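Chain naming follows the written order as A, B, C and D, and within any one chain the residues start at number 1.
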Amino acid sequence: MIKIQFFASLRERLGQAKMNVEYNGELTVEALKQQLLTRGEDWQALSGNNVLCALNQSICKPDTIINDGDEIAFFPPVTGG
Amino acid sequence: MIKIQFFASLRERLGQAKMNVEYNGELTVEALKQQLLTRGEDWQALSGNNVLCALNQSICKPDTIINDGDEIAFFPPVTGG
Amino acid sequence: MISIQHEDFDLNHEYLQLRDCNDGDGAIVTFSGLVRDYNADGSVSGLFLEHYPGMTEKSLMDICVQARAKWPLGQIRIIHRIGQLNANEQIVFVGVTSAHRAAAFSAAEFIMDYLKTQAPIWKQEHSAKGPKWVEAKDSDVTAANKW
Amino acid sequence: MISIQHEDFDLNHEYLQLRDCNDGDGAIVTFSGLVRDYNADGSVSGLFLEHYPGMTEKSLMDICVQARAKWPLGQIRIIHRIGQLNANEQIVFVGVTSAHRAAAFSAAEFIMDYLKTQAPIWKQEHSAKGPKWVEAKDSDVTAANKW
């Protein structure tokens, strides 16, 4: 199982902050995103090219491989400070 | 009359903080310094090439002309802050 | 030390800590960021700050490690507030000590520039028109790229 | 505002003034300089600071004018202490507000760099070996020349 989190405007557009997904494959982060996009119209929010992804709380590239138990997060560009 | 001031190590070496000098000429700051150097051995403290000069409270160049009533100051490089 | 907190902070308390803990460092630089009107039209009454718990702390720790690799630093203190903030409230504090003032200035600015582009924190502006997520600024990316 | 004074200053008071007076400026940078052991051998027990009354204030005013010509700034506050100071006491404070953090950082560092090379202030170190006037540092001239 992997844990997926969404933040800020992305969280609002998806209507959820987190979800757990059964997982036993060898998906890349990009492939996971493509799977999520098939879930319906709301999920197109993930398709923007400024959507960032973190794996286990570090920013990661689209070709990063996800392992079982990982924590993945999608979010818009940060605006703190 | 002009007012001449000395600060910090220069003040100590000269043994005085200020002096008034009768003045009705058209000396440059450098010429004034040369006159002071003739006053004796102690005054050689003024000859160091790192001695700075201010005319009326602004750093000035050696060829600046002194006018009657001016305030001249000689001092070592500053070390505040 | 890094704190992500709802509560306001007391700059004086932070400054005295930096002074007390410093081992002969003669330079202390602080940066404080306040809630201001990003639209410059007086319409923003406040902010809501959301963050990614865990990753925020991790990213700020990483920024401190990077800063220490670049400059000889004594203490580093970072506080970022989250939740609901009103206009003119304090949002963020960065305090750095060093034996060298240039290092303290550079490190504090570096930390702010990186924090702005790396720390997973998001601002939502509140105004009469309703809530609106703040857009990321290219100038912040440019600022972070200069280091 | 510029103050040349014997008395210690209260960073918190200065910060609150900068916060209160600022017209929507979101960034506040402060620099504090403390008496430290310039010989780095623990021998310096204190400092005596001499200055040129009148010219000090004039040179600091001029530095503020130069800073305002370079960056969009709100408040500028400079305090420099003179007289007898003990180890770890505060010597100098510079506080700057701006709508832009880069401007606030740059201006505060610029003011310190120029103050170090332009303001007619001299430090005399006190140690067991007796008093000794501090030599000017080339690095300070280099720092001021970068602007």
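Before moving on, here are some points about what is shown:
Keep in mind that, in the parts below, contacts are C-beta pairs under 8 Å (C-beta built on N, C-alpha and C of every residue); 3 or more make two chains touch, one makes a residue touch a chain.
From a predicted model like this one, the values you see are computed outputs, not experimental measurements.
Once chain C is left out, the chains joined by touching break up into A | B, D. Chain centres here are Cα averages; for chain A and chain D they lie 49 Å apart.
Centre to centre, using the average C-alpha position, chain A and chain B are separated by 72 Å.
Each chain gets a centre from the mean of its Cα atoms; for chain C and chain D, those two points are 23 Å apart.
The set of chain C residues touching two or more other chains comprises 33, 112. Screening every pair of chains for touch gives A-C, B-D, C-D. Contact residues on chain B toward chain D in their complex (touch as defined above): 5, 7-9, 11, 50, 54, 57-59, 73, 75-81.
Chain D meets chain B in the complex at residues 33, 49-52, 54-55, 58-59, 80, 91-92, 112, 115-124, 133-137, 140. Chain D meets chain C in the complex at residues 11-12, 15, 19, 22, 24-37, 40, 88, 99, 101-102, 104-105, 108-109, 112, 143.
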